[in-house]
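Mind looking over this structure? Questions follow.
Chain naming follows the written order as A, B, C and D, and within any one chain the residues start at number 1.
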Amino acid sequence: MDSQSCVKITNEWDIVAARQLGRNVAKELGFGTVDQARITTAISELARNIYLYAGHGQICIEKLFDGGKKGVRIIALDDGPGINDLRKVMEDGYSTSGGLGAGLPGVKRLMDEFNVESVPGEGTDIRATKWLR
Amino acid sequence: MDSQSCVKITNEWDIVAARQLGRNVAKELGFGTVDQARITTAISELARNIYLYAGHGQICIEKLFDGGKKGVRIIALDDGPGINDLRKVMEDGYSTSGGLGAGLPGVKRLMDEFNVESVPGEGTDIRATKWLR
Amino acid sequence: MNFRELMDSKYKEIIEHYLNEQDEKALYLGQKFSRKSIEHHVSPEEIISLHKSVMLEMEPNIPHHVLHAFDILLEVMIGYGFAYREHQSLRSKQQELNNEIDIASNMQQTLLGTSIPAVEGLDIAAVSVPAKKMNGDYYHFVQDENDSVSVAIADVIGKGIPAALCMSMIKYAMDSLPEYRNEPNAVLESLNRVVEQNVDASMFITMFYGVYNSHKHLFSYSSAGHEPGFFYNAHAGHFEDLDAKGLLLGVDKKAKYRQYERRVEVGDMIILLSDGVTECRTEEGFIEREDLVELISQHKHLTSDEIVTNVYKELEKLQHFELRDDFTLIIIKRIS
Amino acid sequence: MNFRELMDSKYKEIIEHYLNEQDEKALYLGQKFSRKSIEHHVSPEEIISLHKSVMLEMEPNIPHHVLHAFDILLEVMIGYGFAYREHQSLRSKQQELNNEIDIASNMQQTLLGTSIPAVEGLDIAAVSVPAKKMNGDYYHFVQDENDSVSVAIADVIGKGIPAALCMSMIKYAMDSLPEYRNEPNAVLESLNRVVEQNVDASMFITMFYGVYNSHKHLFSYSSAGHEPGFFYNAHAGHFEDLDAKGLLLGVDKKAKYRQYERRVEVGDMIILLSDGVTECRTEEGFIEREDLVELISQHKHLTSDEIVTNVYKELEKLQHFELRDDFTLIIIKRIS
């Protein structure tokens, strides 16, 4: 049985709410502090992308129970401008800022699974999952 | 008036002695803890190169007083096999190990000035300086 | 005032905020601080030193064990600082190299550029996308005064820069043999000699060369070990392999090539491709040639241009936008 | 047992050692630990978490302010972990790209390879070193049946991969014009048309082309905007510029080139070079052409091979082994 809760992202402080939601879920599922911080950072990055580039959208956090495995999935949805060249965006060193802004490839590396779908002009749907080990 | 003291490098614990000498001089000259640690790390790297690749050699630490400026110079000398292709060795990502082993380009970045001279079959002379700011 | 001057007090503020409220906002501010400090090339050992001094200031009675232990943490973090500085340098090097490769790939496009022939009765389209920036696939059309269309499609075994360099050679070699352009086997034999002579022994090239005679509607072709194309027989309503035997270019300088012929009726299609199309790997394993035929078949009522574009887009998505090999697909459709 | 399982107890040991002795040895062990943890891809936020838990274990009464403050440090370090992971990925990408470029540069050497002509009475040598891995300079010798030696030296404006790609083109173009190989101006005019037609408008090439008639000991040459060479007049004991006027290749397809001639006596030297030799930048500014002449002059009694090697080594050292431009130096010395 999977459960899901969402936070609307329209201003910067909604990023904090999304982080809080994600951290609570991660803690509840039994993730350690380092993984909690990593999951929270991934949420932060995705929420920030929505806030900066799409204007508004939402972050949903899903608890996953798959057989004996437990995990958390972050879903970031927006109906913003979408991503034109996905191949380019997923390239390392593409983003200009040095660190956290490194964007999607960085988020992908923080998590276990990562999927992005985007239609230019219609929006973007990003899903990232981390499993408890 | 510049003064200089040296440590012979023939076994791994000589690396510690060279570090200690460098740290003392750096502290005495007034370098902060972060810079002390950086200078010590640079010494450690150079001493380790001597220990691993030349077998023996020496590390000298020189106090520099140039007008109002104070600084420390590390001199690493050996009569080992020398470096065949200096251009290659100074390239980033050339060394195979990931971090500290990153070798000379890393030492160069830790210090303010860096010079290497090497004659294959005769030995290597590396000088690296850091100025107190 | 710049960030470096402010960072001490800023960091202290965040810590104080957190210790008072223990809330997520302070942690978020911590993340923003991190972004800023990286932007300003503050290295991780400086962060440790900063943390230690803020602790000492806030808690003058901090147990001296806890205080001194920071020295070890700092020492360990210096190693990470090493990697971090190398990262910054690699990043700018990478960008420089990327720029170079962009320029080179533009040059390559200019050099290898070909235009789709406009011939009465034929609908021709091609798509060619490199897996990396430089293309190791190559295709070329030439339309002669009698409305014969010759088409070449080639693939260097290998990808990236070396493959691209090799392809430029093929292009020059092709430019200098116009006499027997209409005899596929002679073209391949001649190119084979050039490749054998000029290219590193470890590099091989596969090539398919065909000539479409648009008066007789006869397609003659030869292949040097190239991925077989397809022939869509409109009357029978099915796809057949465009089989042709022949050794790769560059293996044996005396290699001979056989020439094949095929009559083309209205509605028929000639489909040429590189192995990057059929060896497209998805989560469920490789795409089979039958899957590809199925995909083309779904779109066969469209124009050649729409077919190649749709097939490319669907295969690109199946591979999560990571092409594993250069991708080239050409369709020649007889429409009247 | 692997490092990750041991690292907690190992780190605790180092801290304990340090707190007891406060000596340099413990700090050195900290550095070694750092090297190991980086080797095992432990990220910096894990180090913070490890440090925090060791502190809590060793000092159960640690002030809770100090303990909680580690949460902020961890949060900040996550950002560095981001950069650190990108570093690892960039490093492997860089290595892949380096491999590709190595292969391409070997190919280039095979493709552009030329051998030094062995002609009675002449001592010829050349050195050509790319600033990066791919060479945007090019030189080529051809020795004909009458012991005429033709020499070409060219430089693409630009470096690296695009320049190398461009140079391959020049090589193919040169291969396909053997008829008037002995007329420098005709060679340049013909190459100019090829470059103008095939190369991106932003790419230009400078070229010097000369033919040494070893019966008449007459050197005829033309230049397309190339760095002037030198002529060493042994009798007068001085060096002169080998001036020649002419537009760069690729600017104007109708460009015409003037041809110059020079008699060569025993002991005279023809010195050809690319601007990478004269624009060698040292700490004291650029090398002047006079400095270069001085350097060559010091070695002029040696063989051509020794001269070019010595000059290269000295200029390489002056630039701290970082060439800013491709470097090519050719010497043709009449010895009898």
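Here is the rule we use: contacts are C-beta pairs under 8 Å (C-beta built on N, C-alpha and C of every residue); 3 or more make two chains touch, one makes a residue touch a chain.
What you see is a predicted model, and the numbers here were worked out from it, not measured in a lab.
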Quiz item: Using the average of all C-alpha atoms in each chain as its centre, how far is it in Å between subunit C and subunit D?
Solution: 27
Self-check item: Chain centre separation (subunit B, subunit C; CA means) in Å
Solution: 43
Quiz item: Do you know which subunit B residues sit against two or more other chains?
Solution: 37, 41, 92-93, 98-100
Quiz prompt | Interface hub residues of subunit C, defined as touching at least two other chains | solution = 27, 31, 34-35, 38, 71, 75, 78-80, 83, 86, 90-91, 93-94
Practice problem: Indicate which of the five shapes (line, ring, star, complete, other) describes how the chains touch one another. | Solution: other
Quiz item: Every pair of chains that touch: which are they?
Solution: A-C, A-D, B-C, B-D, C-D
Quiz item: Touching subunit B in the complex: which residues of subunit D?
Solution: 24-25, 27-28, 31, 34-35, 38-39, 41, 88, 91, 94-95, 98, 320-323
Quiz item: Which part of subunit D faces subunit C closely enough to touch in the complex?
Solution: 14-15, 18-19, 22, 26-27, 30-31, 33-35, 37-38, 44, 47-48, 51, 54-55, 58-59, 61-63, 65-66, 68-69, 71-73, 75-80, 83-84, 86-87, 90-91, 93-94, 97, 100-101, 103-104, 106-108, 110-111, 158, 160-162, 164-166, 168-169, 172-173, 176, 198-200, 203
Quiz prompt | Residue ranges of subunit B in contact with subunit C within the complex | solution = 32-34, 37-38, 41, 92-93, 98-100, 102, 105-106, 109-110
Exercise. Mind listing the subunit B positions that touch subunit D in their complex?
Key: 13, 15-17, 19-20, 23, 37, 40-41, 44, 86-87, 90, 92-93, 97-101, 115
Quiz item: Where on subunit D is subunit A touching in the complex?
Solution: 45-46, 49, 71, 74-75, 78-83, 85-86, 89-90, 93
